[in-house]
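Note that chain A is present in both complexes that follow, paired respectively with chain B and with chain C.
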Partner chain A sequence: MTVTTEANTPIVSARELSKDFTLGGSMLERTTMRALNAVSFDLFPGQALAIVGESGSGKSTGARILSQVHEATSGEVTFRGQPMHELIAQGGKRGFASHVQMIFQDPFGSLNPVHRIFYQIARPLQLHGKIRGKTALRERVLELLETVGLTPAAETADKFPYELSGGQRQRVAIARALAVEPDVILADEPISMLDVSIRLGILNLMLDLKDQHGIAFMYITHDIATARYFAERTAVMYVGHMVEWGNSDAVTQNPQHPYTQLLLAAVPQPGSQNSRDMSQYQHKADIPMWQPESTGCPFAERCLHASPQCSTQLPKVTQVAEDHFVRCYLYE
Partner chain B sequence: MTDHSMSTDRSSMPPKAQSRPWRRLRNIAAFFQGNLSASIGGGLMALVIVACLIGPWFTAHAPDERVARPHVEPNAEHLLGTTRQGRDVFSQLLHGGRASLSVAFIAGAISTVISILVGISAGYFGGRIDQWLNFAMNVVLVFPQLPLLIVLAAFLGQVGPVVIALLIGITSWPWGARVVRSQTMAIRQKEFILSAECMGENRLRIVLVEILPNLISIVAGSFVGVVMYALINEAGLEFLGLGDPTIVTWGTMLYWAQSSAALYTGGWWEMIVPAVTIALVGGAMALINMSIDQVSNPKLKTGPHIKRWRKLNRLIQAKRQGGTS
Partner chain C sequence: MALQAFQPAPDEDTSELLEIKNLCVDYVSPKGMVRAVNNVSLKIRPGETLGLAGESGCGKSTLAFSISRLHKAPALISEGEIRYRGRDVLSMNKRTLRQFRWNEVSVVFQSAMNSLNPVITVGEQIIDVILAHRKIKSKDAWRQGEELLQTVGLHASRMDSFPHQLSGGMRQRVVIAIALALRPRLIIMDEPTTALDVVVEREIMDELYQLKDKFGFSILFISHDLSLMGEIADRIGIMYAGKLVELGTADEVFTRPQHPYTQGLINSFPTIHGPRERLYGIAGNPLNLLEAPEGCYFQDRCAQCFSPCRTHDPKMSEVSSTHQAACHLLAERTSG
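Then we have the complex of A and B:
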């Protein structure tokens, strides 16, 4: 019983998160962009939430709020039921960082080129006081390198990042995140910069970590196929809004929101030669820049089913199946 | 599993401990190998520094005493002749080199430290701090340097080498600081800085351990540049009579040669020796600076690659001609 309740309580929950960025140099022509608008989600231990969306849809902004890079304009994040800002006030930024770690998109930019692999992994261990003594430190570093499949570990530890391939570097980045023994890992497009042949290896490594270490993953991607492969739950984002979310199979096999349908239709099909006509899924229109004063559904201009109310008020959340939610007037 | 990893760990540790200094040496060797300008500049600098460090112990004459008749031509006793006052030019050159090079290196060190501190702080922290530091940089930049030095030196009266080093050091940092600032701003955008911040790394360590090592080649380049500049400016100030003429340096040697009209009275060696030495050392340092630039910016690197390409091209041409004839 305790196990099930453990798995059913979210480790991180975000409620109504919004994030505004100010653009423009001078005081007069300053505009505010809302990168994230009233986004709520939960992360469960040993489960992954995939966030799917195109560039600029606010996927990374959410992760960067959790990793303390940005501060939310409004809304609240709780970690194990305790508000994030309280935890940071108590244990400092480093204290919160020991629970939540991030893996970045670019494995060539995320490792400092002047430090050996040993240092890259040993530093978080020292910083978070996970280990005492030199030999213990070295053993732990080698153990972590073996966990992420970088063998022979002793040899890898003495290398510089430029001596490793992209996939190997991403494994080092994962080992570095693991060193802190986090409860949550935010993976910001961890495989999009890697060679296709290496992607599955990294995904399977993350699957192992998820299943065996019970780490909660937030998997940010624009690749719906890997989202379904890796994550139990999927959320689709468009211009800072979560438009549809729920069980990965439900969202990807039975998409409800017109944007999700468009997104799935855009996935290239092997074998089909002609580029398909997308006009049966959308009107051609620009992707809007969301501002605090914007109203309605962000997809209204492109939507085939748009009605007048779509551009005046944001639709409420509708539950269409047991674990499947959508923000659209079609289902209200 | 763990047993195995421990045993491989122990066996791999001793060779690693040995290999580190070797790797360093090899890196240094690789910097000079096939790089003609680095080899010439480095060799010349090493020669001058060693000569000035240990030479004065072996010179037969004191640099500031009358040891022979005025303007004796170079001979076996006085290798580079004597000055109008009958002082040995060779021993003056070696003794003066100590003072001149110390001034240059001290000024270089002061200026480099200031430029790193200001440049990294401005680039990393940004915002208000950047605005103020940038303002300070611009203020120091717009002062014309040599006139400012002349005014300061004249105001302070005949200044010794230490004061000259300080003056040059605290007026020549903005160039280096500018470069360091812009590079820091570029590095700051890299994800490894973000990841260190996410890790909860403290800011001082991010600056010193994550950013600074990435700037080493730029810092080294600007250090050599300031050293070269300081050497020449120090000589310039002293040549104009703004330094303390009783202390033997390359600059005061020039000053005495000028004031005793060495060239007109046929004692050319008194003037030529310090002048050529300063030019040579300045040139050597410019060569080193160029090769550091090549290392930090591979686009400038040509040397061996172009040579190899030309060789290959010649071979192909020869074959082609051999085939047609």
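Then we have the complex of A and C:
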């Protein structure tokens, strides 16, 4: 198969993804919650899409669909134009996983404590049949360790995970993801558990991988400043919905959706006033649980601009600038 | 009454609420002794917020515990002095200490919102604290509890809720309400909002500062989030590997950081509105205290390290009357 991967054709496209979870034990108490509702996005080679938004808004759920942990309830994902389920039917789960790799929040839990670093990276190389022969394997492992800045590589390869710091372990996790030469890396809060002094090093490493290896990144974070630092594009989620997305500067410097405006007003900024009146951005109301039968805009109860239609029908997507989209009646 | 122990004698200097002098706290473990707080001196004034920042393991929580003498074995205060309104905290007897905690100084511990007792209602947890320190009827304590919940932005009916029925932000508000219950003059907050969303964090900080304006307490605010610190603190202390390496007003520390670690730390935080450019932060990895070197503890990660750094421990020296840092470069600059 010959498919061109130009920077302007998406490598992954998700269209109208929804994911329902069933909650509660007994038949009578059972309810269905919609963790993701009609979410669409594209990932481009050599570019990052940051996903920001409140806790529980569905950021990880989207990534878990791409990494085959969950199956979407509805909607479609295509990889280089081909439906994900077809690719999995042809090449199996592992075949698809060699294109899309995941990096998790917890660098402590994601490495097997009983194996040396060499093994942790050699294993995926062997499983995915990337390399033959002992010497070639060792060379490739050392090369990967060098790529992620774990030098001297030979020394690191002989260590056990407990002998490494959190940041070093996260670099091993990145090297392991790189081993299978993925086109896409899904990074779910990859720096939030690391020391503040080493977070930037990991972000810079991911920046280099994106620029030099042309890898497409999905970067999930609570930290909007790092989203803007790392990602060309940013998407904002609220209660299972993607409410605003586009060029990171447009979204962070010129937020349009009332929830994005609230979120940005809350971001701490050294030197600014320590008390801001958040009531100019929201009504106090509980964050709703979205259900398949829920209607309207998920932010309606907290929104200062809500009109009657906001609680009856989900607003459509409006393009407000070249690469800037929003789901809100104020712009329809 | 034990409470009277806290009425300062007329001739006592009360310009400082709390003064820590040369405090050292050690952990004794089979692998060796670790000095988690190493010769730290600082003062907290009435009504001010002092922020304490630094990476994981630098000793922030250990310092917070030892101020209220809540540290437990294997931690040991091996040297130094802690004075609260002129009184020697380290020599307080059990009874005085009990009055001192909660009444004078309360602590919101790291991840306290997850340590509320799951089988007891919020109301009972609040009135337990009040009844343990005040001779009042439980009916009145309950009413005070309801008022406390309202001051932190929760409905009084939440007194009957169990912790699991509340969101993380609501639980954190309960913890703050408990810390405020006896109107202390100093609240030590160890990463009070780290696990929360920025919007919830903002709401809680706003409420806290309204309460602070109303009651006038001081806050020792511990966090690794320098951005938040730069916004809420009057003064900031930066710790590295157990030592206080820089102390100054928030403005001084942010706009004229002197210590290379502080400079690196500030450069590690991308800004939300500033220019989008590559930042470099700090090279290397945090120091393992069991392998602490001679001289400056930051030497292995410092791009400006020079010969005295390998042999001599840099002492705090003055940059201005409100600003100090512990780095050999300061002496170089003044002499050269």
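What we mean here is this: the second predicted complex is superposed on the first by the 324 of 332 C-alpha atoms of A that agree within 3 Å, B and C clash if a C-alpha of one lies under 4 Å from a C-alpha of the other, contacts with A are read in each partner's own complex, and residues count from 1 in each chain.
By definition in this document, contacts are C-beta pairs under 8 Å (C-beta built on N, C-alpha and C of every residue); 3 or more make two chains touch, one makes a residue touch a chain.
Here the structure is a predicted model, which means the values were calculated and not measured.
Annotation: superposed three-chain arrangement on chain A; chain B versus chain C shows no clash, the two fitting side by side. Within the superposed three-chain model, A:K130 lies out of touch with both chain B and chain C [touch as defined at top].
Of the two partner chains placed by superposition, only chain C is touched by A:P268; chain B is not. Shared-chain residue A:R138: touches chain B; no touch with chain C. In the superposition on chain A, contact of A:R199 is made with chain C only, not with chain B. Contact with chain B, but none with chain C, is seen for A:V69 once the two complexes are overlaid on the shared chain. Superposition on the shared chain A places chain B and chain C such that, viewed from the Cα centre of chain A, they span 70 degrees in steps of 10. Contacts of A:M278 after superposition on the shared chain: chain C is touched, whereas chain B is not. In the superposed pair of complexes, A:D106 makes contact with chain B only, with no contact to chain C.
When the shared chain is aligned, no partner comes close enough to touch A:R116: not chain B, not chain C. After superposing the two complexes on chain A, the closest approach between C-alpha atoms of chain B and chain C comes to 6 Å. Taken together, the chain C residues at the contact with chain A in this complex read 55-56, 168, 197-199, 201-203, 205-206, 209-210, 224-232, 250-251, 254, 264-265, 267-273, 276, 278-283, 285-286. Contacts from chain B toward chain A in the complex involve residues 1-2, 5-6, 8-9, 12, 16, 190-192, 194-201, 210, 213-214. Those residues of chain A whose C-beta lies close enough to touch chain C in the complex are 54-55, 165-168, 195-201, 204, 207, 222, 224-226, 228-229, 249, 252-253, 262-278. In the complex of the two chains, the chain A residues touching chain B come out as 67-69, 92-98, 101-102, 104-106, 109-115, 123-124, 127-128, 138-139, 142-143, 146, 152-155, 158, 173, 176, 180.
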